[in-house]
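Take a look at these structures.
Shared between the two complexes below is chain A, which has chain B as its partner in the first and chain C in the second.
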Partner chain A sequence: MKLNLLLLLFIFFSKFSFAAEKTVDPNLIHKNLRCLVCQGQSISDSNSDFAQTIKLVVKDLIDEGKTENEIYEFMSDKYGDWIVFKPQFNTQNSLLWILPYIVLIFGGFFIYSFLKKRQ
Partner chain B sequence: MQKIIKIIILFIFLFVIGIFYISLTRDTNYNTSSLINKKTPEFKIISFDNSNFYTSDDIKKNNYTLINFWASWCAPCKIEHPILMKLSQKKNLVLLGINFKDKDSQAKTFLSELGNPYDLLAKDKNGKHSVKFGIYGIPESILINKELMIIQKFVGPLSADDYENIIKIIE
Partner chain C sequence: MLSNLGNILLFLNVILSFSIIYVANRNLKISGGVDKNIFQLSLIQSTSIIICFFVLIAAFIVSDFSLITVYQNSHSLKPLFYKIAGTWGNHEGSLLLWAIILSIFSFLFLVYNKNHPKKFRLLTLIIQNILILGFLFFILFNSNPFSKISPIPSEGLGLNPILQDPALAIHPPLLYVGFVGASIYFSAAIASLITNYSEKSFSLSIKNWVLISWCFQTLGILVGSIWAYYELGWGGFWFWDPVENASLLPWFAMTALFHSLIVFEKRNLFYFWVIILCLITFTLSVTGTFLVRSGILNSVHTFASDPTRGIYILIFLSLMIFGSIFLLFKKYKKENYDLNRNSKETFILVNNWFMMFYLITVLLGTIYPIFTDALTDNKISVGPPFYNAIIFPVVVVFLLFMALGPKAKWIKNKFENIRTYILILTGAIGLNLAIIFFIKSFSLLSNFIIISALFLIISSLMDIAKALKKNKLDFARIISHTSFGFLVLFIGLNDIFTLEKDYNIKLGETKKFENYSIQLQNLDLKNYKNYQAVIGKLEIKNINSNQTNILNPEIRIYDKPKTLTYEAAIKTSLIKDYYLTMSNIDRSDYYNIKFQKKPLMAWIWISVIMIVVGGSIRLFGNAKNN
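Take a look at the complex of A and B:
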């Protein structure tokens, strides 16, 4: 019985995850792209000519079957990393992504050894 | 232990100062320098009179091509127009004008009044082609060679200095 329930749950959630992988939400991409001609606005927030064009291109890229990351790569290639709000994981940005985990590990270790010494 | 704490505090302090320094001195304006020496994308764009298409192969025939994005509604395009007219007389350079999000009738009026400097004239009705070239506002011009490499990109109207710069490159 338990096994069946687990199997059912697995199928249910895996179906969800596959569906999530397949569909690319254009609004999510618009929110993560910077409007280069606006002041601190995303493509989603802006009605500028530039934003309208980018929205059309994003739609075309989705129709071509490009993934979310491929669309960000395409935009970064044309306009530089600045256009993407969420920085991509590459050699230049690696420190930005890895540093919080390093600080967390070292901080935890430091606090642990500090408390142990006090005891 | 005290020593380690001091070192860590000093490290964090220097790190924060370093981040502030880099962030405050960094130029956040859109910069085209990363595009120099990059290859232009393959493209196929409809001619202004809808009679044929221009492709990357048309560019490969010329030593140098200046792709200029313009529109009749764009005031800075009028400012740079005399420079484009001067450049159109240079034999080593082909001008490809891409009319951007414009009405055909108004674009024709613009060219008949100010002169047509373009050897090849195309149009980008919805602006999608402009994204392929990393254009975010007009006028913008891209100087490329026959290998389709970007030699120079000019954001905004071409100035007298830009003209001299182009002449130096193509001659």
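Take a look at the complex of A and C:
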């Protein structure tokens, strides 16, 4: 069980390290937005007119002082959730975010049940 | 003419499969060895399906546009190499390749497993032939590469230019050997359940097949990544694209499987778990095919999508899954394990535990959007940020286990010297500090990943030193595990070190950033056999060392089909790659250029190759021992 604790710690810290980055990196945002007129490309990878427009919009939003998450929300509202590569954590997506960890914890218990109770 | 010949050969194969099933079934009921006729029939089956494939290749080479497949995917002006590669660069042709692999594996499995019970061998053959029939019917009635078109068009539509690449030409066959190869242990697992062949020796019949498919799967994923890196022009090699995920899912299952097989072979434990993994692997391969070919998912690989195909594969898949589950429930006997906490068995279970976690995460991420779309009409995207956030923290712990596991002994392990581990960990942290010092950037997660990767590498290297003293070296394991550590390390470093700049630039203009300057010196228009190209000449200068590099990215205009592609210019060296793409901006004389400095790229590829080398050493070792 030490392991799961450790794991939670890691998750906590990884979130923490993201939060620590104050400056908004437009490249990172471009990478996390889908080019809607392309096949499976991000805004950052695409050369289409659509991608160029979105890049300008992102630049404007950053200049307005919007945070990374606010920009994603803005894009989702305008173009739908399909545009953001990082699915939001909400009721609809809760299973997506939580189930992997449930599997991990459950698997740990499962293996534990195979072990000798005493060394 | 070629069309008729192809169709005749396909029908011949259907007849051969039925005959094999019939003869094998009759042979089951009588005593004695395996009927000689079965070997002959099986050999003829493999040969005729290969000839059938050559007929299709021939049609591509001579550009016989009376075949719809050739018409849709080829063009008379295409270079010969891509005419041939076009054979499997489409849905119909690739299915034929599937049928070949199914048949050849079926034959070889029969030949190479003479020491196993006759019933088990014959049943494996029968099941495998049922799978072959499933694919043959699919080919004949839904996706026939030999379907005719009339009137005969005078010219073909051409192959998508981004598919005209040597890496892309070879990666599908590699992947198919990987995940279609998984069919043979699917069949063997079913046969083993039916015939109650659950002794340790069962593992011997399948373990080399698992290794072969695993090696090819790994290579296929590697070559596919290299293709994405060279051809897609965004400088990355893995995008967690649904199709990439589809190739990764069976890989996780195979990796879990051959680790569990070690326990099954040595300790006769985990029989049902091994069976389940055998069944899962091929099921996931077919699932991947279903997701890709049905067009349900949006991805860069949309070369083949059609809903009616989806329905056929879905029915096939459901039959496989329900059949397997039914059989499992019927035959399942509770097994009691009493494992020691600190033993090799437990550590291998831990490997499987993590593999299942990766598998389920990737599977969930891949299919979740389908469900939200169907249930709430809200289409979501699950991309790299999701996988990175869920998977990478767990990789840290995984790597530590991967370092400790192989040191453990069977049954019961004495606690080894804790001091050594502390020493290794200190070394890893020290090296990591050096890395932070040089790059001056810090993210807790990436540093944890680097530390754990270094821990794995150092401890594997120490294993070598120790094993050399005792003269008992397990090369296969050490090479694969160390290389995996290096792979994670290089990916981590690459991610932190990458420098990326994006400019709009005019002819003759120079841009400066950090200690680089970049100048667009010249633009050249050239005509090639099947495309025109605007070739840029850009000079990248490292101001500190005064080194210059010339890179020539291209904008290509293909005729057939009319497409614009952007060819990246890549300068590879052992330390870093320079990666540059150029694109035109409409209604202006500016060009958009994207420059990336990507450290250690070559080493990422080399690490994966070394992982496969480890697998191959184990494979050849096994073959020698038999």
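As a working rule, the second predicted complex is superposed on the first by the 94 of 119 C-alpha atoms of A that agree within 3 Å, B and C clash if a C-alpha of one lies under 4 Å from a C-alpha of the other, contacts with A are read in each partner's own complex, and residues count from 1 in each chain.
The rule is short, and it goes like this: contacts are C-beta pairs under 8 Å (C-beta built on N, C-alpha and C of every residue); 3 or more make two chains touch, one makes a residue touch a chain.
Keep in mind the model is a prediction, meaning the values are calculated, not measured.
*Asks:* Regarding the shared-chain residue A:Lys116, is it in contact with chain B (first), chain C (second), both, or neither?
*Replies:* So A:Lys116 only meets chain C here.
*Asks:* If we overlay the two complexes on their shared chain A, which of chain B and chain C does A:Trp82 touch? Say first, second, both or neither.
*Replies:* In the superposition, A:Trp82 touches chain B and chain C alike.
*Asks:* Return first, second, both or neither, reflecting whether A:Ile98 touches chain B, chain C, both chains, or no partner chain.
*Replies:* Neither partner.
*Asks:* Looking only at chain A, is it chain B or chain C that touches more of its residues?
*Replies:* C
*Asks:* Between chain B (first) and chain C (second), which, if any, makes contact with A:Leu36: first, second, both or neither?
*Replies:* first
*Asks:* Regarding the shared-chain residue A:Ile54, is it in contact with chain B (first), chain C (second), both, or neither?
*Replies:* After superposing on A, A:Ile54 lies in contact with chain B but is clear of chain C.
*Asks:* Which residues would you name on chain A as touching chain B in one complex and chain C in the other?
*Replies:* 49, 52, 80, 82, 110, 114.
*Asks:* Considering the complex alone, what residue numbers of chain A touch chain B?
*Replies:* So the residues of chain A in touch with chain B come to 36-37, 49-50, 52-54, 56-57, 60, 78-80, 82, 110, 114, 117.
*Asks:* Which residues of chain C touch chain A in their complex?
*Replies:* On the chain C side, the touching residues are 232-234, 236, 239, 241-242, 298-300, 302, 337-342, 346, 349-350, 353, 356-357, 360-361, 364-365, 368, 372, 376, 378-386, 389-390, 392-394, 396-397, 443-445, 448, 500, 502, 566, 583, 585-586, 592.
*Asks:* Spell out the part of chain B that touches chain A in their complex, as residue ranges.
*Replies:* It is residues 1, 4, 8, 28, 30-31, 34, 101, 126-128, 130-134, 136-137 of chain B that touch chain A.
*Asks:* Please output the residues of chain A touching chain C within their complex, sorted ascending.
*Replies:* My answer: residues 3, 6-7, 10-11, 13-14, 16-17, 27, 31-32, 34, 39-42, 44-45, 47, 49, 52, 80-87, 92-93, 95-97, 99-101, 103-104, 107-108, 110-111, 114-116, 119.
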